[in-house]
Amino acid sequence: MNNKNKVGLGNMVRSEAQRVFKRKRTWAVLIVYMAFALLECVFLTMMNTSFYDPRRSVALDSLNTAPFLLRELAILMNFVVIPMLAADSFGGDVSSGALRTVLIRPVSRAKLFGVKWLVLGLTVGGLTLFTWAVGTAFARIAMPAVEETTLMGAGRLDSSGALGFTLGFYMLAFCVFSALIGIGGVVSRVLPNPVLAYVGILAVIVGGLYVSDRLSFLLSVSDSLFRFLGGIPGSDASLAWMLCAMLAGCAIIGTWSWQRRDWTQ
Amino acid sequence: MSLLVNENIEGVRFARVLEAEWRRLWKRRPVRLMALTAPAASLVSAKYLLSQNALLDPALPEYATAGNVPVLALAEMLVTAFSGMMLVLAGLTVTEEYRGGQLRMGMLRAVSLTRIMAAKWLACLSFVLIQLALYFLSSVVIGRFGFPNPASYPLFYEAGTVSYAQGIFYDLAYYGLAALALAVLLTVFFWIATIGRSSTAALGTGIGFLLLSYAAPTLLNYFRPLLDAGVYMRMYFLSLLMIEWEGLAATLANLHGLAVWNFGVLAGYAILFGGMTAWAWKRRDSFE
Amino acid sequence: MEKIQQRPIEIPQASHPLAEVGNVTKKVRKRILLKDVSFAVEQGEICGLLGPNGAGKTTLIRVMTGLIRPDSGDILIGGRSVVREREAAVANVGAIVESPIFFPYMTGRENLDNLALLHPNLPDRKARKRRIEEVLEVVRMDKRADEKVKTYSLGMKQRLGIAQALLGDPQLLILDEPANGLDPMGIRELRELILKLKTEFGKTILVSSHLLDELQKICDRIVVIREGEQVFSGSREEMIGSSGSLEDAFVEMMTR
């Protein structure tokens, strides 16, 4: 088959995006998340303090506040937003049988898996960007104004340095979220029923703790990211490697199983 | 004779409905697989408790010994494994069946939705309580053979020192309270599963409830200096999750007179959510 | 509908049937779902796949549409192997598998629009829009296309199912139990639609059913399977053979 006879990636993405965003609950969960992001801002102004991890507190100011929004919001993301979106997208459409109408079309199933991951990644990426933007803007408006700040691992930072740090922090957080979406894809292939897929994803997050401390970053996203970026020795020092392994593992298992396994639903 | 006639008019006996629901529950493969949760989870938490023991002073109540392993292991798993199990049960049996239209078959058989739901609640609760019993048995066995067994050990919240035999009675009381708390949480999940438009939305809301139950007391912690200790503890244990996590031991120790309070909170949740669930199904019975 | 008729129909060389099922076997654990099934469907004919419930009809259709892989054997569609070059092979196939299930949160038209994005021969928006209107008209669903699928009756879902199968203008249509859940009027309309797809649009159609008289009125060829094994493949006349009637022949095959 030459390229002319292949379905363009753009059309596949549009098709998947339509399916994701025609579901009312997708919008519901996005709106709930954004509302909590705004509430979190109010919470941080009241507290003026947050934590790198349970042992290290930090005074918040106009430059260093943005990453600390994720301390609470990442839990909402990993326990509600991502499991819901992933269970619906990778599991729900499969177990209802509706995805059959897609699977019988002349498109690569490995690509279908990749496109699902991509569309959810873009959605969650949008939320991550939103959180960063709201956090940054809000801190500059409402938190004590400073010229310089300190962030663990980065030392003293000026305005642009702090902006760079927070961007890097959020990009890493996005990688953690993407890995969890990939895990959702793999879990849903084993348990396509959305109820089981949802709880299966949670079981991976919580069960990971009992397997190894190195997997704790799925639960304590921001603490782990701070410890990793701060160069603190311990279980989170290997975070980048674990993330890469997780992303690669899910990509390989996901594409392989979508390409090769029987579709009996 | 007249009684029999009445019974036929009323429809199928509740015990029959319950039996049917139990069979349907047990027929599901995921539910059968889930039956392995209790033994597996007790092994996992025993492994964790052993690793924690290495870091703890043996004089502390948190130090795991043969007698308190069942309690420590349950505190570990009650809010995670057992909550997860109940979310699965509520999502599968209530939201999926109702929204997927499978319940229509039941309605044709002259059994009201309210009775079906009551039967489902009891069937799910039975499953969870059997799991709780299994968890108790396996952690007693693991505790006896895998952990130190001192002549006596301290209970939580300075509730005294007990021998192994006395400790087992304490454990049983703790599990009894846990069973009550689980029944109440299952009621909450049933309400969420009742109003959920889809199973994932129901699960998301259920997890959201648990997260809020965790976040609210944590937030309260910031205001602790402003509050009287007794008031603080009462507000803290307004959260169902905190009752499950720390409140069961506090109830047994009757810390700050919390025993009555915690029972009251449990009853409040049960009446509120049980009432709302029953009302929702009664409405569906009369309008659909 | 002229546009569809004007499209040149690629007729494979005379010696090649449009679809060839060759020695297909499928096992799940120890259970044999399909055992050595072989038959061919010629260009332009309607082939009936007949068998009692649970005979393996849907499994065969899943294998033919590439949803599951056979343990051995192959299916060629337009000379392309479904096992080795699935995308090329199924580009020529439109299908309803098991039952017409759609994304319930979208309208009929939105479902078609969503699926049309996945056809290489409908590259731009205009082509897709035109094609969607065409297929909606063929199945006479244009009036209710903007309602949510969850409000549709089973008959409407079946018709929308045929519409989505027609989207890519495939040569081969595979319809799994399309008469399921239809009332007598609906069954008659369906029969007329299938005949129209054959005569007016030159489609080749494989239709499965457990209902005998439904098939005998429209099929040129009949394949009968029982417990995963093919017990007959041939023309309708051959099947009637010495038994006198199709029903007698079928009963004889099932009880043999």
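Letters A, B and C mark the chains in the order given here, with residues in each chain numbered from 1 onward.
The criterion applied here is as follows: a residue touches a chain if its C-beta (ideal position, glycine included) is under 8 Å from a C-beta of that chain, and two chains touch if they have at least 3 such contacts.
Since we're looking at a predicted model, the values are computed, not measured.
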**OP:** Provide the labels of all chains in contact with subunit A and in contact with subunit C.
**Re:** none
Original post:
Chain with the smallest distance from its CA centroid to the overall CA centroid?
Top reply: A
Subject >> Distance between chain centroids, defined by C-alpha means - subunit A, subunit C (Å) >> reply: 41
Original post:
How far is the middle of subunit A from the middle of subunit B, if each middle is the mean of its Cα atoms, in Å?
Top reply: 30
Subject >> Mean-CA-position distance for subunit C and subunit B (Å) >> reply: 50
Original post:
Residue numbers in subunit B touching 2 or more other chains?
Top reply: none
Original post:
Which subunit A residues reach two or more other chains?
Top reply: 24
Original post:
So in the complex, which bits of subunit A are touching subunit B?
Top reply: 24-25, 28-29, 32, 43, 47, 72, 75-76, 79-80, 83-84, 87-88, 92, 191, 193-196, 198-199, 202-203, 206-207, 210
Subject >> Complex contacts: residues of subunit B adjacent to subunit A >> reply: 30, 44, 47-48, 80, 84, 87-88, 91-92, 95-96, 197-201, 203-204, 207-208, 211, 215, 219, 222
Subject >> Parts of subunit C lying in touch with subunit A, wherever the complex brings them together >> reply: 62, 65-69, 85-88, 90-91, 93, 95, 97-99, 101-106, 110-111, 113-115, 117-121, 123, 164, 168
Subject >> subunit C contact footprint on subunit A (complex, rising order) >> reply: 1, 4-8, 11-12, 14-15, 18-19, 22-24, 93, 96-98, 100-108, 260, 262-264
